[in-house]
Amino acid sequence: AQALMNSSTERCFTKCVPSPSSSLSSYEQACLSKCLDRYMDAFNVVSRTYMSRIS
Amino acid sequence: QAQAKLQASIQRFTDLCWDKCMSSKPSTTLSRAEESCLTNCVERFLDSSLHMVKELENKRAQLSS
Amino acid sequence: QAQAKLQASIQRFTDLCWDKCMSSKPSTTLSRAEESCLTNCVERFLDSSLHMVKELENKRAQLSS
Amino acid sequence: AQALMNSSTERCFTKCVPSPSSSLSSYEQACLSKCLDRYMDAFNVVSRTYMSRIS
Amino acid sequence: AQALMNSSTERCFTKCVPSPSSSLSSYEQACLSKCLDRYMDAFNVVSRTYMSRIS
Amino acid sequence: QAQAKLQASIQRFTDLCWDKCMSSKPSTTLSRAEESCLTNCVERFLDSSLHMVKELENKRAQLSS
């Protein structure tokens, strides 16, 4: 789970906080929350597709 | 340990296909287009990988014959 | 070993924030703008990381209740 | 050889299959074959150059 | 220190030697020296900021 | 183990120089331009690496003198 958190945090930070300022805005926070949800969705789709191929 | 390797592969495919398939601003739900792109991305990546391994084996067989 | 992990994290943040903050041609000294960008980049990355861990914990709590 | 296959597959997939569809076309397959050949060429040139420097 | 050298060399080579020719020019060498200095500065700023957050 | 480290270095240089030197569509043979770009890329990378290590040692020598 550590690798998953590292990877999703880096990708979502890049997408949602392009110019870091002195604090996280509520807009940036909402973007991070949605981005995490989408990363988990993507992980699940990829996982399901891969498992059905190798089984 | 096989479990860890499996997790690492899924992680690797997720990162590869995330960059290819996901829109620049995260949407509220996963769209149909994003989902089918992710599925095709994993499937075609595995096809590509198999194709390249087969090529390599053909080459080795030619060299040793 | 904790020391090695700490070093690896600092390395990772340096690479991430280097790409975001440093001008394309290296300057003779670190500019004020580059320094404050680096500081904000690390601080906001850690905020983002905490925010996402908290979100994940909320989700787990909802699932198990 | 595992690292070499992982790395060449990722690079050739990116070059040859920019928009993955429901199957690999014969054009994409031919591109992957050529790309693998060129990756092996590049690996050999790099290897030769590096070995002659450190020997 | 190995990881630090690998990472700074890759980043500074990319910045300072975009088209490698038959030798390193003195301009490229000066660029590499400055780039290494800036990488060390960046590493120190990041390190200081991170340490003050986690302590 | 020295063998594994050597392989890892060659792999790393191949990836770095692949991105710099190879045309976007793979050609039928390695062109002269691609080959000389690859050679120069490895040679100059090693020069750059040596240059930076030397700089670092000079700095350490100054600090301890």
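A, B, C, D, E and F are the chain letters, set down in written order, and residue numbers restart from 1 in every chain.
Criterion: a residue touches a chain if its C-beta (ideal position, glycine included) is under 8 Å from a C-beta of that chain, and two chains touch if they have at least 3 such contacts.
What you see is a predicted model; the values in this text were computed from it and never measured.
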(Q) Just to be sure I understand the contacts, which chains border both chain F and chain E? (A) none
Q. Can you list every chain in contact with both chain C and chain E?
A. none
Q. From the centre of chain E, which chain's CA centre is farthest?
A. B
Q: Please work out the Cα centroid separation of chain B and chain C, and write it as a whole number of Å.
A: 28
Q: Return the distance between the CA-based centres of chain A and chain B, expressed in whole Å.
A: 18
(Q) Going by the contact rule already set, what residues in chain A reach two or more other chains? (A) 12, 16
Q: Spell out, as numbers or ranges, the residues of chain F touching 2 or more other chains.
A: 43
Q: May I ask you to sort the chain touch graph into line, ring, star, complete or other?
A: ring
Q: Record each chain of the ring in the order reached, setting off from chain B and passing chain D first.
A: B, D, F, E, C, A
Q. In their shared complex, at which residues does chain B touch chain D?
A. 16, 20, 37, 40-41, 43-45, 47-49, 51-53, 55-56
Q. For chain A, which residues are in contact with chain B within the complex?
A. 3-4, 7, 11-12, 15-16, 31, 34-35, 37-39, 41-43, 45-47, 49-50, 53
Q | chain A partner contacts - residues on chain B that touch it in the complex | A | 7-11, 13-15, 17-18, 21-22, 24-28, 30, 34-35, 38-39, 42-43, 46
Q) Along chain D, where are the residues that touch chain B in the complex? A) 5, 8-10, 12-13, 16-17, 20-24, 28-29, 32-33, 36
